[in-house]
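Two complexes come next, and they have one chain in common, chain A, joined by chain B in the first and chain C in the second.
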Partner chain A sequence: MFRPVLRSSTRLLRGTTPASFLSGRLAAYRFLSQEARSQIQKAVTSTPVVLFMKGTPDEPQCGFSRAAIQVLELQGVPQEKLKTFNVLADQELRSGIKEFSEWPTIPQIYVNGEFIGGCDILISMHQSGELETLLENNGVIPKVEETPAQSNSAAPAS
Partner chain B sequence: MSTRSIIPGSVELSIREKLTTLLQPASLTITNDSWKHRHHAAMREKDGGNGETHFSIRVVSAAFKGKTPIQRHRMINSALSEEFNQGLHALSLETRTEEEITQASG
Partner chain C sequence: MITITKLEKAIHLKFVVNHLEIEDVSSGCGESYSVLLVSDDFQNKSTLQRHRMINEALKEEISQMHAFSQKTYTPAQYEEYLARQKKEAE
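What follows is the complex of A and B.
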């Protein structure tokens, strides 16, 4: 679905000198056409949780993407609220999403259209409990009513 | 483990130099994990997976004070945009301040 729109922006990219491409975020921002940008904007808001990954949830093609999908599964994100895009199947999306998020690596996670981060951030938010709170506050997973355990909650009782 | 090199490569040295300048870190550990990804399709094309494509970076710096994880990662990502452009593929980042380390161990 991204192919036609993104093609024009990649062509532009190829035509630029490496030096101008290096000049950072502002330059990268310009490479993405308005049309491509609005397509991706539509994609990241199409469902509450959007994951751009390598491969599919059943067959991730990269350890970082695998970790990201596992965290989302552990959090109990329901399937109907999660959409994944395989960037390996669409080269234009792969470069487009990096420019859109101004983030150089895959996976990338969005919650209600807001960029959350990559694999490391997702995992550390998972460990700290921030991810659960974020997903609850965004209505992705139901709020747990019981009072959360105090400081020792990080280590589950066995 | 003949594929692992103890001598830092040029990308690693350049990462160290740029992050040292940017963050004036209290500590900076860079580990080249590229060998772990040598079977990774994208990496096979690059020096048989024996190159400098994947790094873990643990950095402690006062420059992270008051910044969210995303902002911290962005600082590093944009400082290394040249490396990303030239084949750096993935960074695993641990970005903390000295206070956060004290809190975590206390």
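What follows is the complex of A and C.
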């Protein structure tokens, strides 16, 4: 029910409408069962950040999934806001998520229910600073003040 | 088996190719490729949209691979990228 709200807010944020994405999802609708679709839909909106990967954060089974989880760690995404799904443990999910996202590879990352991309996109957004902005704007990580010069003498003395 | 030639053909068929680099990163088994494409077609497209365009163009090939990695630039972005690399190398 709140999904349209989320989507429109993120759309505002990014300034573009992924029209091809939407029509692509409609096309994929035919191949994915209603039940599988609604399960995945529930999964991608279950926490602010959702990662579909090969293996687990502690034991990634693929270099790309390892890179993705490392980026999220570097960004300081708190554990309670991140959920990962191991596609190797669930064949149905493995093929289902590819159709759902219209994306042929794993890992896949979602932020507040919106598909962000795969490993290449995640890394390039990390390098350019876009990922930090996206996570901040979605309330996943706290905003860092641009001007720390405002001296706040409350710093703890070791 | 997927070959570099096959991928090149598929990309040339669907894109204005300003510059293209395809690397076999599988150490020869043909299951893992990395593509760098510079194209005017990427003008005004988000990275996600660009990757979707390539995914669509190489749909068949990607489904037969183990791993696929891509970089997408407009000609202007690629110039910037090269300049940055040059600067870093100095």
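Here, the second predicted complex is superposed on the first by the 117 of 158 C-alpha atoms of A that agree within 3 Å, B and C clash if a C-alpha of one lies under 4 Å from a C-alpha of the other, contacts with A are read in each partner's own complex, and residues count from 1 in each chain.
Criterion: a contact is a pair of C-beta atoms (placed from the backbone, for glycine too) under 8 Å apart; a residue touches a chain by one contact, two chains touch by 3 or more.
The structure displayed is predicted, hence computed values, not measured ones.
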(request) Report for A:61: first if it touches chain B alone, second if chain C alone, otherwise both or neither. (result) first
(message) Per the contact definition in the header, classify A:120: touching chain B only (first), chain C only (second), both, or neither.
(response) both
(request) Could you give the residue numbers on chain A that contact chain B in one complex and chain C in the other? (result) 18, 21, 24, 62, 64, 102-105, 115-121, 124-125
(request) Quick one: which bits of chain A touch chain C in the complex? Just the residue numbers, please. (result) 14, 16, 18, 20-21, 24, 62, 64, 102-105, 115-121, 124-125
(message) Which stretch or stretches of chain A touch chain B in the complex?
(response) 18, 21-22, 24-25, 61-64, 102-105, 115-121, 124-125
(request) Show which residues of chain C lie in contact with chain A when the two form their complex. (result) 46-49, 51-52, 55, 59, 62-63, 67-71
(message) Going by the contact rule set out above, which residues of chain B touch chain A in the complex?
(response) 37, 40-41, 69-70, 73-74, 77-78, 81-82, 84-85, 89-94
